Amino acid sequence: MRRLHNQHEQFEPGTLTVVGIPSDENSSFLRGVALAPNRIREALLSGASNLCAEDGSDLSQIPQFVDVGDLDLPFGEVWDTSGSPRIEAGISKLLNQGARVISLGGDHAVTYPIIKAYAAHYPQLNILHLDAHPDLYDELDGNRFSHACPFARIMEEKLAARLVQVGIRTLNQHQRQQANRFSVEIIEMRDWHQGMTVEFDGPVYLSLDLDALDPAYAPGVSHHEPGGFTTRDVLHIIQNLNAPLVGADIVELNPTRDLVGITAVTAAKFLKEIATKMLNTKDYHEKT
Amino acid sequence: MRRLHNQHEQFEPGTLTVVGIPSDENSSFLRGVALAPNRIREALLSGASNLCAEDGSDLSQIPQFVDVGDLDLPFGEVWDTSGSPRIEAGISKLLNQGARVISLGGDHAVTYPIIKAYAAHYPQLNILHLDAHPDLYDELDGNRFSHACPFARIMEEKLAARLVQVGIRTLNQHQRQQANRFSVEIIEMRDWHQGMTVEFDGPVYLSLDLDALDPAYAPGVSHHEPGGFTTRDVLHIIQNLNAPLVGADIVELNPTRDLVGITAVTAAKFLKEIATKMLNTKDYHEKT
Amino acid sequence: MRRLHNQHEQFEPGTLTVVGIPSDENSSFLRGVALAPNRIREALLSGASNLCAEDGSDLSQIPQFVDVGDLDLPFGEVWDTSGSPRIEAGISKLLNQGARVISLGGDHAVTYPIIKAYAAHYPQLNILHLDAHPDLYDELDGNRFSHACPFARIMEEKLAARLVQVGIRTLNQHQRQQANRFSVEIIEMRDWHQGMTVEFDGPVYLSLDLDALDPAYAPGVSHHEPGGFTTRDVLHIIQNLNAPLVGADIVELNPTRDLVGITAVTAAKFLKEIATKMLNTKDYHEKT
Amino acid sequence: MRRLHNQHEQFEPGTLTVVGIPSDENSSFLRGVALAPNRIREALLSGASNLCAEDGSDLSQIPQFVDVGDLDLPFGEVWDTSGSPRIEAGISKLLNQGARVISLGGDHAVTYPIIKAYAAHYPQLNILHLDAHPDLYDELDGNRFSHACPFARIMEEKLAARLVQVGIRTLNQHQRQQANRFSVEIIEMRDWHQGMTVEFDGPVYLSLDLDALDPAYAPGVSHHEPGGFTTRDVLHIIQNLNAPLVGADIVELNPTRDLVGITAVTAAKFLKEIATKMLNTKDYHEKT
Amino acid sequence: MRRLHNQHEQFEPGTLTVVGIPSDENSSFLRGVALAPNRIREALLSGASNLCAEDGSDLSQIPQFVDVGDLDLPFGEVWDTSGSPRIEAGISKLLNQGARVISLGGDHAVTYPIIKAYAAHYPQLNILHLDAHPDLYDELDGNRFSHACPFARIMEEKLAARLVQVGIRTLNQHQRQQANRFSVEIIEMRDWHQGMTVEFDGPVYLSLDLDALDPAYAPGVSHHEPGGFTTRDVLHIIQNLNAPLVGADIVELNPTRDLVGITAVTAAKFLKEIATKMLNTKDYHEKT
Amino acid sequence: MRRLHNQHEQFEPGTLTVVGIPSDENSSFLRGVALAPNRIREALLSGASNLCAEDGSDLSQIPQFVDVGDLDLPFGEVWDTSGSPRIEAGISKLLNQGARVISLGGDHAVTYPIIKAYAAHYPQLNILHLDAHPDLYDELDGNRFSHACPFARIMEEKLAARLVQVGIRTLNQHQRQQANRFSVEIIEMRDWHQGMTVEFDGPVYLSLDLDALDPAYAPGVSHHEPGGFTTRDVLHIIQNLNAPLVGADIVELNPTRDLVGITAVTAAKFLKEIATKMLNTKDYHEKT
C-alpha cells in the first residue's frame, strides 16, 4: 500500500483507492464519527497485525492499493440542496481517473453523494447494504440528508438497479412503506442465518455500516442495536460474495465510544478483506 | 407508551405495565443494580433507536403499554422475614387492577416477592428462567433472600407449577441437590443449541437475568460468567415462545460496569420484544 | 485448591499445579501481560462465582490442585541465547516432582521454555495451539524469542511430535512457508466450524492464546484480531478433547485493556475447565 | 426535596424549582448532553452521599425545593427564528408562578431562551458566567443558536445589565471583538487566582458550564479545555457570592464521556450548593 | 521489602508490617473494595516506578519493611456483635510481636477492629483521619458496623484520646451532633488551606480514606465526593506530620471504578510515604 | 498552520516546524506511545476547540507554523550504538533548513538524538526538563537508550550547558548520584510552588514529559506518578519563561490509557502555547 500525500499526484487506471470522508454533520444522535478515517488507518498500520487478508494476499506488497488521504471537508459543513457536492466531486475525480474506491466514513449520509458519483460510471449498480437500520427515512428531524435517509435519496433518484439490505432489525411502519415503494429487498436479522447468500449478476457496491454488527463486536458506533452480526458473519459475506465488487464504504465508526479500539481494528480487518475481494475482481472492471 | 406520573392514576384492565424495582440490598458481590430501571428507560427513549419490536409493532403507538415508574423503596432497606412486603404489595396492586407486569430490577432477589404476588393470580404458573446461575441456594452469606436464593424460596413455597432454567453454567453440588429436590428442569448452557424450544401448556412468567448472556454481550452485570447466550439467542427464545406470557422481569443490569451502555440498550431491546409478545397474548389473559 | 506459599514445600506426585509466569519482555506491540497471573487468580477467587467446572467438579474440594505462585522473574529480564533458563528450570522442577502444570502467562514467548521442560518428560508430545496467530516467525524486530516466534523454536528443535493450530487468521507468506517447513497442521478460522474435532493418539499439551477469541470476548489482549472464537467455542474444544491432557498454558491476557475484567474472568473459566479435564486424565499420567 | 410528577400541580410562590432541559441539537462537536438531567438527578439521589450542602443545609428537609421534572422537548427539535419558544415558555411558566429556577441542561444554547424568560422578570439582571469559552460567536456553522452563541444573542437583545465571564481560556480575535462590542467583563483563566471576587449590586444569574472545570475534574463534557478550575475553586465562587442569586443553570454535562460518573456527581454537588445559596437569598426575592 | 508467605514466620520487634484486609461486607453503596490490597501491591511492584519515597528512602533495601500478606477472611463474612474478631486478632498478633502495622483495606469499617487492637498497646492514641466523610453515623441501614460508623464505635468505647478529622465535606445534622458528643475536632474541606498543620503530642495513627482526595485524583472509590484534596496536599500532610506515627490504614480503594489504575498507584505512593515516615519515627516506638 | 505532505518540499528559514516521532521501542513498562503524534494532531484539529493560544495568537493564521508530518521510522526498530541516526538526521535536516522544531514523541528516548542534532546548532543550549522522573539512569534492563536514560547520555556527551529539571518525584540513590555527577539542577516536586521561576541567559530547549503532570490531569501516560503538576502550573511555566525558546519536545503520551482523550487534548494545548512562545522569540533566533 502506498499513501499519496499530494492530491494532484496521478495514479494508474485500475488503482484501488482508499479515501477518508470525515463527515458527521448529518448524524442524528451522537457526533464523533468524523474521527473515524484516521483511526481505521491507525489500526491498519499499528504494528499489532500485518496487512494480509485471510486468503494470504499481502496488501503491503500491492502497489495499486493506494491511500489517497481524506477529502478536504470544512468542519461542520451544512449540506446544500443537492447533498454534498464536495464529496460527490471527490469520488468522481477518483472514478474519472479509472480508480475504484473504498470510502471510510464518516456517517452513513456520505453514501448518497458517493453513489451519485458511482451511478455515472455504473448505470446498473447493485447495492449490498449491511446495516441494523434501513436508512430509508424520507427525512429525520427536518434533514433530508440525515444519516437515516441516504437510501431514500438513492432510490428516489434511481441511482441503483437493486438495493439489497441484510441485517436490518429496526423497521418501523414508515420504513416498511419506503421499502415497498422502492422495491428494496430486505433480509431481516431475525430471518438471517449463516450460509445465506445473495446472488447478483452485475457490479456490486457494498455499503457496510458497522452497526450491522452486534454492539458486542462493535461498541464504537453511535447507534447500538443489539442482536446483530458477529464479525465472522460479515467476513463470510464479504469473502463469499460471488459478483464483481466495484466500490465500497465502511461507515459509522464512532471512536468516542470505542474505548479499547476493537471497533476500529474490526473496520480495518473489513477494509483488508474488501480490498482483496475488489483486487480479485479486477478483470470485470477492466472490461467495463 | 405512556408514562404515569401519579401512582394513584387508574388504568384499564388489560394494561401492560412496566415498573422499576431499584433494589440491590441482597446482592452478594457488587452493588449498583439499583440504578438499572432508569438506565433502561434512558436507553429505550434515547433517540438512538425507535420503539418498534422486530415484528414491526410500534410500542409508542400502543396506549395500553404504560410505564408506572418505580416502586418507592427506601435505599438500603433490610428485608423482613417474609421477604419484601413493599415489592410484593406493589406488584399485587398492579395485578389487582387487571394489569400484567414487566418488572425492571434491581437484582434477582426481587423475583421472589414478585412471584408471591403473581402466584395469587396464576395458581398454575410456569416460570421460564434464563440465567447463568440457578439461584437455588438455600442461603448465601447468611441471607435467605440473597439474589442467589429466590428460586429456592419460590419452589419451597410451591409458588410455581414448573420451573425451567435455561443457560445455566455454574451448578455446584448444593445447587444440583436443590434442583433435584424441587424438580427443577435445567438446560445447561453446554447442552443448549440454537433452535431448542421449551413447551409449556399454561401461562408463563419469564425471568430474564442479563448474565444469561455472555459477558461480551452484557458486560454490565455484577457476575460475569463467560460462555453464555448471544443477544440473538435470547431474542429467538422470546420471539418463539409458544405459550401465553403473563409476566416478566429483566434483572441484574449493573450500570457501573456498563461503560458505553450496551447492556442497558440490550435490556431495552428485550423489553420491547417481551412487551410485544405479551401484548400479542392478550386473548389468553382476557379469558383467565 | 490450595495455595502454596513456600516454594520449597513438597507435594505428592500427580499434583496438578498452577504457576504464574509474569513475563512480557518479548511482546512486540504492547506490554502489560506480566500483570495477568494475579488478575486470573483474582477472578478465580473473587466471590463472583464458584470454583466448579461445568461438569460439576468442584476444584475447591480437590487437594491435588495446587497454586504454587509465580516464578521469580526479574522485571524486564533480557533472555539469553538459550531462551529463559529460569522459566525452563521452574517448570522442570515441578515436572520432576511428578506434577503436571498449567502455566499462566505472560506473553506467548513463555511457551518455548515451558515446552523445552515438557519435552524432556514427554518425548512424543502433541501440541494443540489455539490462537489468532501462528507465532512461527523466524524472528521479529531482531528478537528470535519474540512472542511471535515460540513455535518456530519448538519445531526447529523437534520438541513436539505434532503441532496443530486452530483459529489462525493472520497467515502471511513467511508464516505459510514456516508452517510448510515444520509440517504444522493448521485449521484456519475461516474454515473452522463448531463441532470440528482434532484427533490425537498421545499426550496433548494445550497452548491457549486468549486472542484466539474474538476481541468481543477478549478485549484484554495486546493484539486484537477480529473474527475469532466465541468463549463457548473454546469451552467445547476443551471439554470434548479426546486425549490425555498433560499440560497447558493460558497466555496473552493484557489487563491494561480489560477495563471491566471480562477477559480475566474468561481466562479463569478456561483454567477451571482445563484443570478438570487434566484431573480426569489422571490415569494416563500415572501409567507414564 | 419533592419531585413533582404532574406538571399542572401548583406550588407556593418562593419555591425553588429544578427543571431539566434535555436539549443538544445545537451542539457543534458532540451530542449526548441531552442525557444530563437524569444523570444529575441519579447522582444526587444515588445513596452515595446525602443531600446536605457544605454549610449543613439539608435539602431533603426543605419542602420549597422542588424538582419539576424535564421540559417536554421533541428529540432533535430544530429551533425557530426566535430560538426555542418551548424552553422560554417552560421557564416563564415557572417564574410566573413565583418560583426561581435552576435549569439542568442540555447544552449551553439553552441559556438564551432561559434568559429571555428571566429578563421579563428581572430587568437589571447580572449574569455571572463560568466557562472555558465565551460563547459569543455571532454564528457557528451557520447556526445563530449554536451552543457557541447564546451570550451574543443575550447581549444583542440587551437582556442583561452586566455579563461577567470567569475562567475563559479560548478567546480568538472574533470573540474578543464581540466581547468589546458588548462590554463583556472577562477574567481569563490565566489571570484568575483563588480568592478573587466579583462584586454585584443587583440580582445575579449564574450560568455554569461544566467545562469551566479542568477536564481532570470534568471529563464528561463535549469540549475538553485543559487548564481550568478545580471543583473547589467553583465551590468557593458559589459559596462566597455576595449578591442575591435568583437563577442558575448547570450545562454541558456529557454522560457519554463520563465513564465513572465523576462529572455527574460534581454537577450534583454544585446543584446542592447553588440551591442552598438561592434559598439563603430568599429575602431579596420576596421583596422584588 | 520482603514478602512473608508463611504466616507463622517470625519477625524482629520493630518491624513495619503491611497487611491486607480484603473486607467490604459493610459497604453501603458499592462493593469491590475487597479487591484493593492486591491492586495496591501490584501498583507498588509493577515496574512502572521504584520503591523510593520522595526523601530518597528506598524501601526495597529496608529489611524491616515486611508484607505479611492478607488476613484470612471468609468472603461475605457477617460481623458479630463485637465487630470483627478476626481482624482485631490479626492486628493484635502483629502488634504483640512488636510490629507496627499499615493496613490496606477493605472499606473503612475495618478501622474499628484495627483500633481496638491498637488501643490495647497505645492507651493515649491520637487519630488523624483524612476523609470526605466523618463516618460517625450511629448506624446506617441498620448496621452499626457500616463503613459509615467506625469512628462512632471508636469514640463510644474511648479507644482514642483525640480524633482529628481533615477534609470533611458531607456533614449532616446527625453527624454534627455525633461530632459534638464525642468532641471530634474537624477541619472541614471548605476551611482547609495548604500549609495548615495539626499538632499532636503523642503517638498518632493515620486513617486515610482515599475519598478524602477529589474524585479527579481518586476515581476508584465507592463514594465520589467532589471538592477534595489533591494528591500533593495529602503528601504534604504525611511528610510534614510532626509526631510519632505508630500505625496507619489506607482504605476504600475500589478497583472496579479505577479504569486506568491511577487510584491504586496513588494508594501505593501514600504507602511508601507513610512507611518512610513510620520508619523515621522508630525511636519513639522503641522507647514505648 | 500548514501541513506539508511532501517531505522534500522546502520552507523558509525561521519556520517553526512540528514533527512526529512515533517511537516506543525503548519504553520499559508499556508501549503505545508511538500512537501519540497522530492523536495530538487529531486533538489539535478536532473541531472541539480553535487554534488560538491563550494570548490570542491564532496559529491557524500563521504560515510559518508548519506540520511536516512524522519521521519515517520502521516499527520496532532496534537502535544502534550511536542511538537513532534516523531521528538525529531527521531533526538535523529541519535545523539545517533554518527551522526550529517542536517534536511530538514517542517516548522520552527520542530526546537524546534530538539534542544531538540541536547541540550542533546551539553549543550553549540550556535544557528545561519537566518530568516526574530524572531519566538519568546509566542503563535500564541493559538498554542504555531506554526512555529512563536520555539525560545521562546528553550530559555525558556535554550536549547541554545546563540541565534544569522541575517536577521530579522519584529520585533514587543512583539517580541522585548521576545528578551530582552531571551537575543537574533539580527542583523536586515536593519543594516546588506556583510562582517559582527559573532564570536562563541563553537559548532554552524545553523537554516536556507529560507525566510531569499529576495522573489526574494526564491519565494517558505509561508511568503514573501521583503528586504532580496541574495543567495550569505547566501553562504558567511555559507562558512565563523568560528566555529564548529554540526547541521543544512533548513526549510520553500513551493513547492506550487515555480513555476519553484528555491527555491528548492537554498535549495539544501545550503545543499551542509552546509554539506561540517560540514564535514570539523569533528575534533571538534570527540573530543567531
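Here the chain labels run A, B, C, D, E and F in written order, and each chain numbers its own residues starting at 1.
FYI, a contact is a pair of C-beta atoms (placed from the backbone, for glycine too) under 8 Å apart; a residue touches a chain by one contact, two chains touch by 3 or more.
These numbers come from a predicted model, not from an experiment.
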Common touching chains of chain E and chain C: B, F
Chain E onto chain F, rotation angle from CA fit, given as a multiple of 5 degrees: 120
Most remote chain, CA-based centroid, reference being chain A: E
Comparison of B-C and A-D by number of C-beta pairs in contact, larger one: B-C
Centroid distance [mean C-alpha coordinates] between chain B and chain A, Å: 39
Centre-of-Cα separation between chain D and chain C, whole angstrom: 56
Of all residues in chain B, the ones touching two or more other chains: 28-30, 46-47, 75-76, 214, 216, 230, 256-257, 259-261
Category of the chain touch graph - line, ring, star, complete, other: other
Every chain pair in contact, whichever chains are involved: A-B, A-C, A-D, A-F, B-C, B-D, B-E, C-E, C-F, D-E, D-F, E-F
List of chain F residues in touch with chain A within their complex: 5-6, 34-35, 38, 42, 46-47, 69, 75-76, 256, 259-260
Chain F-facing residues of chain E, complex: 46-50, 52, 54, 56, 58, 214, 216-217, 230-232, 235-236, 239, 259-262, 265-266, 269
Complex interface listing, chain E residues touching chain B: 25, 27-32, 75-78, 140-142, 256-257, 259
Footprint of chain E on chain F - complex, ascending: 28-30, 169-173, 176, 188-190, 214-216, 219-220, 222-228, 230, 257, 259
